[in-house]
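Scroll down for the structure; my scribbles are underneath it.
Every chain is named by a letter (A, B, C and D) in the order it is written, and numbering of its residues begins at 1.
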Amino acid sequence: MKDEATYRRLFRTALLIRLVEERIIALYPSDRIQSPVHLSIGQEAVAVGVCDGLRPDDLVFATYRSHGFYIAKGGRLDAMFAELYGRTDGISGGKAGSMHLTAPQVGLMGSSAVVASTIPHAVGAALSFKRRGSDRIAVTVFGDGATEEGVYHESLNFAALMEVPVLFLCEDNGLAVHSHRPVRQAYRLAEHAAAFGIGSRRLEEGWDMLAVREATLQAAAKVRAGAPFVLEIATSRYKEHVGVGEDFHFGYRTSASVDAFKRRDPLIVDAALAKALEPELEREIDAAVAFAEASPAPGRPELLTDII
Amino acid sequence: MNVALAQSASQGTRVLSYAGALLETMDAALARHTNVFIMGQGVDDFKGIFGSTTGLAEKHGAKRVFDVPLMEEGMTGIAIGAALAGDYPITTHIRADFSFLAMNQILNLAAKYRYMFGGLMSCPMLIRIVVGRSWGQGAQHSQSPQATFAHFPGLTVVMPSSSQAILDMYPAIIARHPGPVISIEHRLLYNLDFTVSDTGKHVPLGSYVAREGTDVTVVATSVMVLEALRAAQYVHDKAGVSAEIIDLNSISHPDWDLVAASVRRTGRLVVADTSWLEYGVAAEVCRQLVVRDPRLLKQPPSLLGMAPAPCPTAKSLEDIYYPSQHETVDAILTQVTGAGHGIPLPVERSMTEGYKRFRGPF
Amino acid sequence: MKDEATYRRLFRTALLIRLVEERIIALYPSDRIQSPVHLSIGQEAVAVGVCDGLRPDDLVFATYRSHGFYIAKGGRLDAMFAELYGRTDGISGGKAGSMHLTAPQVGLMGSSAVVASTIPHAVGAALSFKRRGSDRIAVTVFGDGATEEGVYHESLNFAALMEVPVLFLCEDNGLAVHSHRPVRQAYRLAEHAAAFGIGSRRLEEGWDMLAVREATLQAAAKVRAGAPFVLEIATSRYKEHVGVGEDFHFGYRTSASVDAFKRRDPLIVDAALAKALEPELEREIDAAVAFAEASPAPGRPELLTDII
Amino acid sequence: MNVALAQSASQGTRVLSYAGALLETMDAALARHTNVFIMGQGVDDFKGIFGSTTGLAEKHGAKRVFDVPLMEEGMTGIAIGAALAGDYPITTHIRADFSFLAMNQILNLAAKYRYMFGGLMSCPMLIRIVVGRSWGQGAQHSQSPQATFAHFPGLTVVMPSSSQAILDMYPAIIARHPGPVISIEHRLLYNLDFTVSDTGKHVPLGSYVAREGTDVTVVATSVMVLEALRAAQYVHDKAGVSAEIIDLNSISHPDWDLVAASVRRTGRLVVADTSWLEYGVAAEVCRQLVVRDPRLLKQPPSLLGMAPAPCPTAKSLEDIYYPSQHETVDAILTQVTGAGHGIPLPVERSMTEGYKRFRGPF
């Protein structure tokens, strides 16, 4: 069955993301990754569903929490680990680290650690596509918190006015660091987007890779036809905001708040498939880690290159 | 009045205003490079950024030259995104002060992208910002943030002081410069006519000697280069003093060796900048000299810039807020012959009285 | 009749504003006012209607186009002319000029020449009022263009979340410099405000001082009760964006576009009342101009005071 | 490790971390002044801006200490409005880099209001911004914009380098300072313990001598003051070199006469700053000296700051990007005894190895 093949493809990538991040958790105490890490464990379905629903030549602009999008868009795993390790064979030779993953050859453009700052970039890329008569689209991935920044307003307005092919993709995990959405937002994305004449959809089933993919396909089709669109996907961050631990004991949220999500999470529910795929994926990760370990650290010759 | 870089118009030269030079280079860039586009508030209106973009939307189309809402941060981010996708965006701010709304995109994103991604990303683009002065611009329409931008590695910051500088630098920047460039254009220059030559390269993307001299080195930026040139002529005529004028021109990548070599010869320094002295261009000039050799300076330099306050609106205050022709001449003479030089100073107090009664448009 | 008295009071202030600005036009060629001036001729009804609908201790935060609000809120005319002249007896001793009128003793707080920049100020003042349990309200006056800036979005969201007593007062003259609203905005203020749960009203009769006053009274009552509100008033800028001339000959708009407004403008229509009041108001203006002329220009002693 | 201003803890002293000093002063300000409130992203969460606001919302109530959405420009404008209405707002940015989103409100509004309105307006407020360093903060979480802010008249910019500096300056600022203050707090200082004294005034709102010496003047800022103090101890122990350390402390209003008097005695200068040298603190120090007398410097100074690039993430690059203890010691020795000083340098390369393995929280 076609759907089954798609499901397996997406599942495999989602599992790879989770295993990669679990490996990061395992490696972290060794201090070989000396960089803040913002894990997407719990949010993998968004990355894989979205990227699978896009064309390979569509551009994605992302954030500090983008291990998932990097992998789902097709970035090299070995170069990623080398980057986390801060090595010369890393994607960006160690200058970027976890917060700034990029893979221009597969359409993942720069990831920024300043919240909301890549939202207008996607609008700008979409403007380029439109100016050139291209049918590519640009996607900006951001968290729910990012929509509070003024630049979100400016970006929506411009995108709507110029009718550029941009997809605003909100990963709504309900949190900005430790702040819950209701204390931060007086609006809902749908009504807000509608005020700019921008269509939107909120998908509650953010654990469902196929549903995310389907929603993306539909949204991308609208965007490709020239109408910006807001796709909001409810999801769940299992780990702490930054770092490799859990944070339920700090009392700002309960583990119950993510349990409902976990009960539907295919990577947990479909344990059999996960188990079947794991060995192969772990070998892939082993190889990537070995690649990183073998790569030399950058030094003086690299310090002052590529500045202007 | 015709403020010529070369003192006399010779063969192969023509007269071109600063705004005219901007318009020519913008027009040529649009014609030459299909990936160039210009966006900014009012770029397509009849005033066309003080005449520097007038008619270009009609000529090149609304996809190449277009108005934007009030959205400095968003616009700059959009420019970065377009640059990442292969375009060459040119954005405008009719006052440098408004670029402060785009500081995050400029400092945290554009300036960082090439390095942060190990060379994988680059955002070549030109941000044109205009410095206001005179006719009551006040505290929020008068700032000149060259030091602010040049402090941050990753940005290229230039301050073209003549039509020739525009003609020489802009095409090179647009065609070849790999990263974001901030060009700080002074509003008072726009309506001035300059003699330019279309052959040969005159103004580099660094610093250059705008007038040779032997007694004192004057390092100047933007409109202060013109002030310094006028002052140099005055002290030459009245007192036989020979001032060397260096147009710093690039603020992020000046030719410090050129400056040091000049000071090595003259031993005397005047800096004439368009902004505040504190943590400004004058400070960096002093640093560059003393790290080479503190003995290059035979005496304390004279430093000219805005008074250490926000810019007042009243003309009587503005006249003493900015360094006047009077003070520029005095600084040069004081360097060369001491404070009691006794040479009569020019009567004109304010630069804007000197060669242009600036009354807008703003 | 009560209404008649109110009408006369408002009319008198509106006429004073217009005559003051016409005096500025007359004086401008003499270069005694060396400052950019943004005239509100055509928009006076907004300033007088709004200020009359507020309590004297409510705070107004304004823009570079605020001669009208300064006068309507009760600022001293002589100090205003001295300020435009750049003299020591000016409101701010000449340091402010036309773009930065202020009159804290009657509740006009700083006016800024950076578009939209005082919008959050009013929100902050309203926050103060709320924190202290005061029943004062804060009003931010801005043009239609100002709503395009991201800070408008941030301000609405915060005001709605914190339920602070702030009135967002938009003077919609349809223009930002020479750009017409439709090329700049994909939204309407009402729907946009509604997305934040903020009530709003658009008043088309921006020439009608009594209607503006009534709308303000109603809006202010809601705001005083703790709900931020957006009041948008359609109005018409008769003169060029900055400067003292007209600008119809530049072709970006027609004089017809303001004629409909002029035909309803009470200062034009009610010529008899205007004529009756004029002599007295002109004498007031004469005195203010004379005051300004007599005031000395500031100099060295004032240059470096009041900096930090 | 206990980094004490005074070398030994004496009577009337206690040990207090930097975060603890911040928490104490925030708490006391809220208790003492009813118009004080604190707002910022996460000020009321369990991490409480790295422990500097923890528990204050519970103690003083949500009207006094509250979280805000992501809205740096808006929040700063709101603070200004509240200040104009009589409140004293304290805002936070967990990274200085995020304050760039509020540049317009800081530079164009807060810095200008008092002057622009001839003294009629004022916005006393405290903006606390934290500089990140170490553990892969990268290009966007590591900037230290003291020069950027101090260039603009109207702002008061301080960089407290110890718990004592917090205890002495913050209450005075909050109670009496008429205008906006930007305090640049270094993340690496937060978890350090300092010996403090609660009696007497130690750290002024200007500069002060942190260690007396006779051979060389070291002007340092923020965490570099600690680096300089450690280096001074090292060169004293190993080579009998006596370094005078001046904590510039106020960047907008330093005590330049104090600096000049020290250099007049020593003739030698090291500047150790947390940002880039270009158009930075080092430049302004050089300017202040040469306008007094270029001969104050007997030789070219040694200047320590970040390498002229955005901050790289990899530890191996970060270690050479920032001046190390190694280089600080070397700079001091080179000033005093020349480049061929031959004295063994400390083995430790990175400051963060020296007295704290920084691993977050971020």
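Just so it is clear, a residue touches a chain if its C-beta (ideal position, glycine included) is under 8 Å from a C-beta of that chain, and two chains touch if they have at least 3 such contacts.
Model, not experiment: these values are computed from the prediction.
Participant: On a CA-centroid basis, which chain has its centre farthest from subunit A's?
Facilitator: Chain C.
Participant: Distance-wise, how many Å sit between the C-alpha centres of subunit A and subunit D, to the nearest whole number?
Facilitator: 35
Participant: Counting in whole Å, what is the centre-to-centre distance of subunit C and subunit D, each centre being its mean C-alpha position?
Facilitator: 42
Participant: If you average the Cα atoms of subunit B and of subunit D to get two centres, how far apart are those centres in Å?
Facilitator: Inter-chain centre distance comes to 32 Å.
Participant: Which residues of subunit C are in contact with two or more other chains?
Facilitator: Expected reply: 90, 93-96, 100, 112, 114, 148-151, 154, 157, 161, 183-185, 307.
Participant: Residues of subunit D that contact two or more other chains, please.
Facilitator: 68-69, 71, 73-74, 97, 101, 104, 108, 115-116, 138-140, 153-154, 308-310, 312
Participant: Looking at which chains touch which, would you call it a line, ring, star, complete or other?
Facilitator: If you draw each chain as a dot and join those that touch, every dot ends up joined to every other.
Participant: Show me the residue ranges of subunit D that touch subunit C in the complex, using the header's touch definition.
Facilitator: Against subunit C, subunit D makes touches at 37, 63, 68-69, 71, 73-87, 89, 104-105, 108-109, 113-121, 153-156, 177-179.
Participant: For the complex, give me every residue of subunit A touching subunit C.
Facilitator: Listed in rising order, the residues of subunit A that touch subunit C are 148-154, 156-157, 160-161, 183-188, 191-192, 194-198.
Participant: Give the list of subunit B residues in touch with subunit D in this complex.
Facilitator: Those residues of subunit B that touch subunit D are 73, 97, 100-101, 103-104, 107-108, 111-112, 115-116, 138-140, 143, 147-148, 150-154, 275-284, 286-287, 289-301, 303, 308-310, 312.
Participant: Which of the residues in subunit C end up touching subunit D in this complex?
Facilitator: Those in contact with subunit D are residues 59, 61, 90-96, 100, 102, 104, 109-110, 112, 114, 117-129, 131, 138, 150-151, 154-155, 157-158, 161, 305-308.
Participant: Applying the document's contact rule, which stretches of subunit A touch subunit D when the two form their complex?
Facilitator: Going through subunit A, the ones touching subunit D are 31, 34-36, 86-87, 90, 93-100, 112-116, 145-146, 148-150, 176-179, 183-185, 242-243, 250-252, 297-300, 302-304, 307.
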